[in-house]
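Taking it in order: structure first as structure tokens, then the write-up.
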């Protein structure tokens, strides 16, 4: 299959490599500034011609980076999504991550079939691993003590919360997970951690060395931050604006870190392989492969 | 609250004990033959009067045991579900496990509000643990070798499959899990096990010391059993009729074990506590507590 | 190499099989009543001629079973060690497990080079695994609750104590280990368990669902057993006479189990393979292979 | 007890804090440039008078930092060990880490009783944890992929090797450990990792994403480094000069990192608490406390 990769960060380079290993022909555009040389069989082309003759086009995750621009940190010149979609022949299947209404509208306008691979559960499960590892790396650096033996709170028991909690246990951390649903609380206890109802988390906040938030809602307002020990580190993994009142944290002198986009930052290779695997799964399911 | 427990096995004794510890008044019926003495504050009553004045009635899990009979192995005389429901005053909330259409019809007929606690996800998560431990105990006994270092296949990646697979890893087993969904396959790999598409399981069947099935469908027909090593042990946890062709297994001389109702058998105390916790969760959610 | 196996239990059958797979010629004696048929290339011979021409002889672990008799439960007639040693040509290397002074004297008398493979650290490490698994199987059967979530005390932090404690953690048990040495206490805490000085164990005895003893000394006298909960199960793995006052336990109505020789009982295959591997390691180290 | 802490890094500050919490009176010298304020009850004194009246003196780990100098990175002016020992009244017990012959000679000269707490097994076990965590943090940063799913080789199965290997397993790494002794190889397999004889490690070197060395001998000469994949990361934890031919690694373009003194760098608080605990254990054992 002929696949064209347009834009994105290091992940897309690794995704392209993986797709080549799987036997496909790869062309790229807007990846020209990569610190990592493109393996030989991958062609770098100008945007205007990159997608001609392609069986499908792979756009980044997230596809958009502020006001209608393509997320393309590896190329110097800013490129609009409008330019990108205009360069793709009608009917070409396009795979992109995190498609907002504007992106969907553009795809419709250019009669392109759009698949949002950011929605895929398999990719989300796979991304939970580098997110959790990245959070652990940040905690290791921020804490003057070992995670082993530390008391950690993980707020939220979704995909990232579960993987993060298990890895922390694997390092010898004493882990408490907060959740709301009875089934999640049962899972937590069933995995050897302490469970706490999110609503009742206040009373135990003073006992942690580190708090990880995974919930995209204001779960750590000033009133809760006040209850933390002054040397407690807060690592918030929830996407913007996060679940922490960072202004209040600053006033309290707390070390609160908003850690975003970890898979691409800490493990672009693993994250890129996961993108490639997801792309192949979508193409197979759609009967295109 | 006044709670009446009617019928069931050892689990209901432990559930009653737990409810007493939580401050409730307990009466029982059809538990008279228990090998375990009822703790003092729990009253044993005849069926006819046991439910009079009760705020709610707790029936067993499963509530039914063949042709309209109450599951009540601890009492000598068989009791019909019709008798049981007739003895409960109208409007009383009734909690029962695994309610079939006949049970629902009876409840309607006697104007009783029926809650099927067997459906509850929290109870299912909690029951997955004794089910998995029971399966491990059976495997330990059936195999001439340690589980540590053994190659195990777990068919199915639902609640029991996940817990069982993790515990096997905890014992040092080399675990392969078969699943169909991409997200499950990602979970398996993400938890350090080998993943195999259920459809492609045939090719690797010859490499296992033990196979656990958790899928309630014919996943181990004769054609697959033939591929197992002659000393491989099959432990099927799926409810009747199970997922194994037991007749074919017998012909092949394979040791295939249908392990049913493990929580009540191997860990009635843990299973009973889980029933009590689920009952309290339901009553709280319904505003009855 | 020509190896003759004389006496022993199922382990020696599996050891012989493993040695055959490694390319050696095997003859046996005093294994005639095995429930398991000997694989074809293994010859069953009468004791008198079994060792003629052998490059080495493998005796059981333990070699002795009461008053100078060979440990040979798979043959009907009792055989003395004197008979066995008389049947082995002088100078033949003999490998045996747990050689007491009488066995050593007999070997000297018949000018045989004796290697006690029961002393080997590698075998002891390998036997720790089936011992720990066996103990877990016994606990699963004896407890009305799951090991998951149970509170367990492991007395002693030697090979078996360490492996057992880790497996219990793998099953979701809350594990406390008692030890005397500072380095062991550090190991325990470093592995995420609770550590207690053996001398100070009294104060916490009332909190356990199950107690495992691995120390071959009277560590559980009546005065300590009294402090256990009446439903606590005691599993003693220390070789005779064990570390528990079993008479006191019986008086207190406690369920105290003396579990001996677990590797041979619960996992003869794994234990037999370990014997074969140790035999090969000894022969290699001695330059005989 | 009156304890005087002279020199050292952040660990000694945390050790002093811990000793204060345990009820002792603390004075310090040569810690004046600490980024971390000394808690109030700890007195900062000039070197000349710091040890007067002290019941014991705590020197750093390592005590020496190049040509007879005290390891004292938190003070501006270099101080010689001769100055330090001259300032301690005769007969005072002195605890120091890693005492070479020169340090021992100085102690004798000033009639001081010297205890080398760096030799203590309990401290070494405790330091293995921050060393392992530190190595993991370095690997996370150096690798473009997750440790989860990565193939790691740990050379050496001593304290650090064991802890590091287990933590890597806890993060989902596929771990191979190389060792020489049969008992260590049995331990490795018994803990669910792959074992390889150190002598035979060459054949599998090409399969790793990361190699950790813990052996203080030239185990990674150029001839072995050549066999690694070009993107393999080498992290050497062995004390100077390490076990890697770093010059050869540089020529090959390999990323080889010599990671030294990790406990003090990545987890000064945990390492400092461990120092304090060891000090208290020594004083208790010596009957001084």
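So that you can tell them apart, the chains are marked A, B, C and D in the order they are listed, and the count of residues begins at 1 in each.
Just so it is clear, contacts are C-beta pairs under 8 Å (C-beta built on N, C-alpha and C of every residue); 3 or more make two chains touch, one makes a residue touch a chain.
Quick caveat: nothing in here was measured; it's all calculated off a predicted structure.
Participant: Could you run down the chains that neighbour chain C and chain D together?
Facilitator: A, B
Participant: If you tally the C-beta contacts, which comes out ahead, B-C or A-C?
Facilitator: B-C
Participant: Measuring from the mean C-alpha position of chain A to the mean C-alpha position of chain C, what distance in angstrom results?
Facilitator: Inter-chain centre distance comes to 51 Å.
Participant: Please compute the C-alpha centroid of chain B, do the same for chain C, then give the distance between them in whole Å.
Facilitator: 36
Participant: I need the residues of chain C touching at least two other chains; which ones are they?
Facilitator: 129, 148-149, 169, 172, 190-191
Participant: Can you check the complex and tell me which residues of chain B touch chain D?
Facilitator: 148-149, 169, 172, 189-192
Participant: Write out the stretch or stretches of chain C touching chain B in their complex.
Facilitator: 10, 14, 129-130, 133-134, 136-137, 140-141, 143-149, 167, 169-172, 266-270
Participant: Give the list of chain A residues in touch with chain B in this complex.
Facilitator: 120-122, 124-126, 128-129, 163, 166, 181-183, 185-187, 190-191, 281
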